[in-house]
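Structures are listed in the sections that come next.
After this come two complexes, each holding chain A, first together with chain B and then together with chain C.
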Partner chain A sequence: MTKTADNVNPDIYDKGSEREITSSDYDENIEDLFDEREIFDLIRNINDPEHPLTLEELRVVEESNIKVDNIKNLVHVSFTPTIPHCSMATLIGLSIRVQLLRALPARFKVEVEITPGSHASEYAVNKQLADKERVAAALENNNLLQIINQCIA
Partner chain B sequence: MIYVTKMPKLDLEQTLTGHKGIVWHVSWHPQGKMFASCGEDKTIKLWSKEGQEWAIKTVLVDGHKRTIRQIEWSPCGNYLASASFDATTAIWDKKSGQFECNATLEGHENEVKGVAWSPSGQLLATCGRDKSVWVWEVAGDDEYECEAVLNVHNQDVKKVAWHPSLDILASASYDNTVKIYKEDPADNDWSCFATLQSHESTVWSLAFDKTGERLATCSDDKTVKIWKEYKPNNQEGVIVADKESVWKCICTLSGFHTRCVYDISWCHNTGLLATACGDDIIRIFKESDDSDPNAPTFELVCTKLDAHSQDVNCVTWNPTGNQEILSCSDDGEIRIWSFSSD
Partner chain C sequence: MESVWFKPELSDAIMQNDEIFESTTSIVTDIVAEHIDLSHIIENMGAVLTHKETEKRCRGMKFYTKILRELPKSILSETQIQFISTFYIGRLNDHHSIIPSVIEGYLALIDMNNYKANNSANFLATLFREVSCQSQLRQDRYNIYLVIQKLMEKDIDYCKQLGPDLVCGMVSIMDGERDPRNLIFLFNFLPKFIKTIPIGHLTEEMFDVISCYYPIDFHPSPDDPAAVTRDDLAKALCPCLCAIPEFGEQCLIMLMEKLDSSLRLAKLDSLALLVESCKTFKSETYCPFSKALWSSINRDINHKTDDEIKMASHEALSALVAKLALIANTDQSFENLVKSILIANQTAIAEAKTVAQFVQPTKVLLTTANASKESCVVITRCMVPATISYYEFKTSPKLQIASLDFLGDLYDIVKHWDVLELVKAQVNEIPKLCLTTVSNPAKDFQIAGFKTLIRVKDILRSDLILPFVEILTHNAQHSQDTDVLSISVETIHAIAKKYPELIMNLVVRGNCQISNLTQDKVALQKRLHLLTNLASIDDFTKVIIEDILRLISTFEKGTNLVVEALSDSLSIASFYTSEKVMQIESDHGLIEPVLAWLYKEIPSGNQDTLAHGYTLVSNTISSLPAEKQQNILSQHTQKVLDNCQVNDVYFLVLESLYSPLHQNVYTSKFEEVLILSIKVALNSQKELVRTKGCVLIAHMLNKVEHGQKFELLYELLKNQLSECSKHDESLCPRLIQMYGWITKALILRGSDMYLFWLQKIVGIMPNTSYSKYSAEAIRIIMTEFSDYLSPKLHCRISLLYRQRMFLSFSLLVDKFGALSPDVKEDYLLSWAYVLDKTPKTVLSSEGVKITSIVVDSLEYQNEELLIVSLNTLSHLIKSQPLISCSLQTVLPRLINLTKYTKSMDVRIKSLECLYDIANTFRTSLLLPFKQDVLLDLAPSLDDKKRLVRNAAVRARTRWFLVGAPGEDKAN
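== the complex of A and B ==
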C-alpha cells in the first residue's frame, strides 16, 4: 500500500550547529541543569513520518519553541506541522512526547502542544496528546509503537 | 508560653512497592482491612496487614493481556472486578479457595477504562474508549448478562460510579460532561436522564456523597465541581421538567489544583473530600460549618506536597471511616496515609 504524503514538497531548512562544549561542562562542581538546547538536541533528529528528513530540517521543532523550568520541573515543547491539515500531527507529537519521556528524569512534567494557529485541529490534537491514559493505551499498540520507534531511531 | 496550633495533617504510614510501572488504581475491600491494586504491569496485587506492616498477600496474573486500568471489590467483598485496556472485564473470586478469574465480560470494542458495582452487588457497570457505558446483571453463578448499552457520550468514557443506595449510575467523559442514568421500571429500559455540563475539559472521576444527593467531579480543567440533585417539587423552587430530577452545579473549587485532577474520593463518614492531582499533591477539602446547602463553601484544610514523586492517579478513603487514605502514582508506588484534624 502506498500513500501519498500530505505535504509532497515541504520546505527544507539547514541543520543548526552542534552544541558548543564549554569548560564548565567538564566541571563536576557545577550543577548541570537542563536547558532548551539540551531538549532540542533530544528531539531535533526525530524523523518525519512521511519524509526522509528530520523535524529540525522541516522546522517542525525549533529551539525557540522550547521552554524549560528546572524549578517547577516543567518542559514545554511547541511543534509546528508543515501544513495546517497535516494528518501526521498527532503521530509527530506522540513521537516527541515518547522521546522526552524516555530521555528525561521522571520528575519532569512534559507538555507537547501544537504551535498556536499552525494546525486546523489544534485543540483536538493538544487534548489527545495531554491525555496520559490515551497516550499509555496508544503505546501498548505494537503497530503504532513500531512507527514511533522508527521516527525516534 | 508556647502556643501550639493544631493543623489538619496527612501522615505517611507506609510506602508500598512491588508494581512495575504506573499504578493506575487502588481499591479498599469493604471491610477496610485489605485492598487491591493494579496497573501497567498487568497484575493485580492484594495487600493486607501483617502485624503493623502492609504486605502483598496474593498476586493475580494472566487475567489480562494489557494494562489493568481499574479494580473494584463487590459490596459483599467476595468478588473483584478488573477493567483492562485489552477490552475485557474480569471477575475474580475465591470459591475454590484461592482467587481466580471465573468470568470474563466481553463486548467493549477496545479499552475498558472503568468498572463499578451497584450498592446491591446485583449490577455492574463498565465504560470505555468506545464511548459506551454497559450495565451488566449478575444472572447466577459466574454468569453476567448485558442489560443495557448506553451510547450517549460522544467521546471516551473515563469512569462510572453508582449512587450509594439506589440503582442510579453516573459516568464521566472526555467529552467534558457527566451523564446520569436509571432504569424505567415500566419497560426495564435504561436511559440517560441528566447531563451535567460545566467542566471545560475531560472529566476524569466522580464520587457521590453518602446521601447520593450530591456528586463531586474532577477534571483536566483543574477544577472540582459539586453538583446537587433537585427533585420534583423541591423546596428551593428549582424548576424540574418531565418529573425528572435536575442536577445543578452548586460549587466550583478552582485555583487550588495546578494540573489535571485525576481522582476524587468523598468520605461517607466525615464528609471530607480528597483529590489526586497531576501536580503530585493530595489535597483534603472540608465543607465550612456555616455552608449554605444550595451554594456550599469548601475549605482546603490540608495540602500534601510531593505526596508522590509523579502524578497521583487515585485516592480513596478507607470505607470504615478511620480516616486512612490510599493513593497510587505513575511513580510505581502505593502509599497509605492517616489524616488527623486535631
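== the complex of A and C ==
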C-alpha cells in the first residue's frame, strides 16, 4: 500500500494508568456493574489503522465520551477522528463496534457514533455504523476482517 | 623384501598405483629410524617429479607434499629445508594443476622448526608474480592466506622488512575473495597484519580492498551445517576497517555515507563501526565530521519503532562525545558538538506533550553527560536550571515527575564523574525543587519528591531540613498509603544518616518522642515503626533502644505495640544486620526484658501480641554467635521447662529459644526438650502449641550434627513414637502431621531416612478416614515457610529436595491400584501440592503422566485443588502443547469451571487457560472447537466480577481470531 497516511503527524497524548484494583474487586459477594471505565478499557488498546499508536494515545476514544446504562442495557460510544477528513473513520468505528460485539454480553445494545461536529461526513458514517446488515456484510469481507482483526489484536 | 622406496622404482609406483600413497607413514617411519635419508627418497622420486606429463608430475608433487606433511617437525636440518624450499619455489612456475600441492607442501615446510624466514622472500615474490590467487579453489586460497599468517607468526621482523612488497601482494591475493569462511579468516587476521606491517603508500589500496565488503550483505544458505552468519562477518570486518589511525578519513567518509543509507543493517553496522573506530582513530580525525555525524545520529536516535537502532545510536553518540572530549581544550569541535546536542534536545523537551516525548531527548542528554567529564559539566550547568523552570512552567503532573526523575539521573552522573564542585551552584537547586514537589500532598508527588531527595541527599543543606522533616514526620505518622509511608520512613532514615543531630532533636527528641504514648493507636504504631527503623543507625541505637527497653520493662499499656514494631523492624535484614542485632543484645540486653514481658503477658495476653514477642526473641537469638546462644540457653532453659510442666503454653517460649540455634549448638537438655516436644505435639489441647512442637522436633532433627548426636536424637524419637502410637486412635491425625514435619526436616537435611516416614504418610492415604491428613502432611513437606526451617534459622536446606520429593512421591503412589472415589480427591490434592512446588522443568519432562493427573483433578469441586491444577495446566500448555490429544476432554472441563460459583480465582484461571490454549495450539486442532467455545464463553462476559469479565474478554477475543484472517500466529 503506497498511500500515505491522512494525518501524517497526529497529536499524541500520554496513556492513562491502568484501572486500580480495589479490595472490593476481590470480594466475591459484591457485584461489579459495568461502568464507563470498563468499556473504555475494552477499546482503548485498539490500534490505529495508520499509526503504531492506540486509539487512547490519539484521543480518538475518551472515557468521558462513553455512556453505560446497566438497567436499560445500553452502551453508547462516541469517538473523535483526529482530523475532519479522516478516511479511516468508518474503519475505526467498525473496529470499535466489532470489539464491543465480541467483548460485551449480548444483552447490551451498542451504539457507536462520531462525536458531533468532528467529521465531515459524520451523518453517513453514523448511518453505516448503525446498520447491522452492513456491519455483518463488512465482516464477510476477508480483507476488511483482516485489517479489523489486526487493529483489535 | 626391501620396500619400493629404497629403489628408483618408486617413481613408477607413484605414477601407476594409488596404494603407494597409503605407505607414506612407513616411509616417514623409515626416515625417522634413519633407515633411509630423505634425499634418497627424493632421488628415487626424481623420474616422476620431472616427468614430461603434467598429470604424472602432479602425482609426484602430491606424494612429496604428503611426506613433508607427515614428517616430524624437528627432523629436517636447515640446509635440507633450504634445498626443498628452493625446489618448491621452482615448482610455482609449473602447471596450474600442480600449484595446490606446492602451496600445501610449502605450508608444511614453514611449520618445520628449522625453517628460516629468509627463504620466504623468494617464495612470496614468485607466488605473487606467478600464481593468480583468484583462480584457485577455496581451500587453496585459504592455504595461501595461511602461508602469510604462518610466516608472520614465524618471524615478524623479517615480514616487516618485506614491507610494501608483502602488503602489495596481500592486497592482490585477497582482492575479490567472496567465500564467507575465507573472509572470516581474513577479517580475523587482517587487523594484526595491518597493525604490524608498515603499509606506507598503500594505505588507500588496502582500505579499498577491505571496505568493498562494507556493509556486509550476506544470506547464508539455510542447509549449511557450519554456517557463517552475517553478524559474524560484520563483527569481524569492523576492526579491520579501523585497524590503524591512517584509515581515519576514508573510514569516516564511508561511514557517514552508510549512516544516511535507508538500509537498516547498513545503519547498524555504521553505528557499531563508529564506536569501534573511536578506540583507534585520533580525536582530530573526527573534528571535521562531528557536525555531520551528529545530524545523522540525531535522526536515528529518535527512531520511533526500532529500539536496536536507538540503542546503537546512543552507544555511538557516547563514544563520539568521549572521543572529542579528549581534545576539548585545544579544539572547538567538542564544544560545538555538545552545543548542537543541547539545542536539538532542548527544543524537543520544550515541545514534549507526553512523558514518552519528554524522556526521549532527556535520554540523549544523559548519554552525552555520561560520556565524559567535560560534557557532564556542560550539560548539567545548562539543563538543571532549564529543567527547574520547565517544572514550574508545565502543569502536567506526569511531566513534572518525569523532569524530577531526569534531575535525579543527572545528579547520579555528576556524582559518577565527581564534578560536584564545578556545578555546585546549579545542582544545589535540586533539593529545593524536591521541597516544592512534596509540598503537593498528592501521592505521586510525594513519592517522586522523596525518591529524588534520597538520591541527592548529599547536597541537602541543613536549612532545608526543617520543612522536610515537618512533612516527613506528618507522613510517617498519619499517612494512609503504604507506599508514601515507607518512602517517608526511608527518607528520614537517609537524612538521619547525614544529619544525625538534627534528626535527633527534631524527630527522636522532638515531635516523635517515644514516651508520648498518645491515644491514637494507629499513629502510635506508625511512629514506633519509624523509631525502630531509625534505631538501626548507630547514632540513634543507644537512645532509642534504651527508651524502648525501658518501656517494655514498665509493662505499660502500649508495650505490645512497641514489641510489635521492634520485631517487625528487626526482621528487615537490610537495616539490621546480624552484627547490629548482636551489638544491641550485648550492649543493652534485649532478650531479658522481652522474656520478662512474655512471662508477664502469657497468662493474660492474646496470641497475636505474644507472637511478636516470640518472633523478636527468635530473631535476636538467630543473629547471635553459637557461644552466646549457649549462654542464653543455660540461663533460661530450666525456668521455661518448669513452667511448661504447669501450662504447655510456655512451650512457645521454649520453641522461640531453641528453634534459631546454630547447627553446632548442643546441650545436655536437648533430649529432655525433644521428649517434651513430642509430648506437646501429640497431647496438647492447643493447635498452635502442637504445631510448634512439631516444628521444634523438625528443627532439632534438621540441625543436629551428623553422626552420634543425630543417631541419639533419632533413636530417641523413634522409641518415643513407638511407645505412644498404639494407645489411641484419635492420635492418628496428629501423628501424621508430625510425620510430615519429620519428613520435611530429613529431606531438607539430605538424609535418606525421610523415605521411611514418607512411606508411612503415603501408606495411609487409601484409608478413607485419614486420607485428608496425609494430604495435609504432603502440603507441609512441600510448602516453604519463612518462619520455620529457613536458612535464616540456620537450617540445612539441601539442593533439589523438591525434585527428590517429586520422584519419591510418584514412585510410592505408583504402587496404588484403583483408589476408591472417597480418597481420590485427597490423592489428587496431594499431587497438586507436590506439582505446585516442584520446579517446572521437572514437570515438563514428565508431561504425559502429569497431564492426566491434572486433567483428572479438574472434575472436582475442591477450590485449592482446582487452583493448583489450573496453574500447572497453564504451565504445561505454555511449555509443550502435549495434551493436544485430550482437547475434547480438557475444553469442556475448563468451560465448566468458568461457571464455578465458589471462587472467582478458579473462574479467572480457567479462562486464562482457555486463552493460552488458543494462543499455543495449532490452528487445525482448535478449529473444530471454535464455535462451541465462543458460544460457551459468552455467559462469562456477563460475570458479576469485573476481573473475571476481563479474563473472559481476553480469552473470547483470542478465540475469535483462531483461524481468522489477520491472526498473528505461525501455524
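Some points to look at:
As a convention for this text, the second predicted complex is superposed on the first by the 152 of 153 C-alpha atoms of A that agree within 3 Å, B and C clash if a C-alpha of one lies under 4 Å from a C-alpha of the other, contacts with A are read in each partner's own complex, and residues count from 1 in each chain.
Methods note: a residue touches a chain if its C-beta (ideal position, glycine included) is under 8 Å from a C-beta of that chain, and two chains touch if they have at least 3 such contacts.
Just so it is clear, the structure is predicted and the values come from calculations on it, not from any experiment.
Once the two complexes are laid over each other on the shared chain, residue contacts for A:I71 go to neither chain B nor chain C. Once the two complexes are overlaid on the shared chain, A:A106 sits against chain B and chain C alike.
For chain A, the partner with contacts to more residues, out of chain B and chain C, is C. By the document's definition of touching, neither partner reaches A:V8: not chain B, not chain C.
Of the two partner chains, chain C is the only one that A:E31 touches; chain B does not reach it. Once chain A of one complex is fitted onto chain A of the other, the partner contacts of A:L42 are limited to chain C, with no touch recorded for chain B. In the superposition on chain A, A:A137 makes contact with chain B only, while chain C stays out of contact range. Common to the chain B-facing and chain C-facing surfaces of chain A are residues 106-107. Per the touch definition, chain A reaches chain B in the complex via residues 106-107, 109, 127, 130-134, 136-137, 140.
Listing the residues of chain A that touch chain C in their complex gives 11-14, 21, 25-26, 28, 31-32, 38, 41-42, 52, 57, 99, 102-107, 142-143, 145-150, 152-153.
Touching chain A in their complex are the following residues of chain B: 22, 40, 66-67, 69, 85, 111, 113, 129, 156, 158, 174, 201-202, 220, 259-260, 278, 309-311, 330-331.
Residues 304-305, 353-357, 396, 398, 902-904, 938-939, 941-942, 944-947, 949-950, 953, 956-957, 960-961, 964-968 of chain C are the ones that touch chain A when the two sit in their complex.
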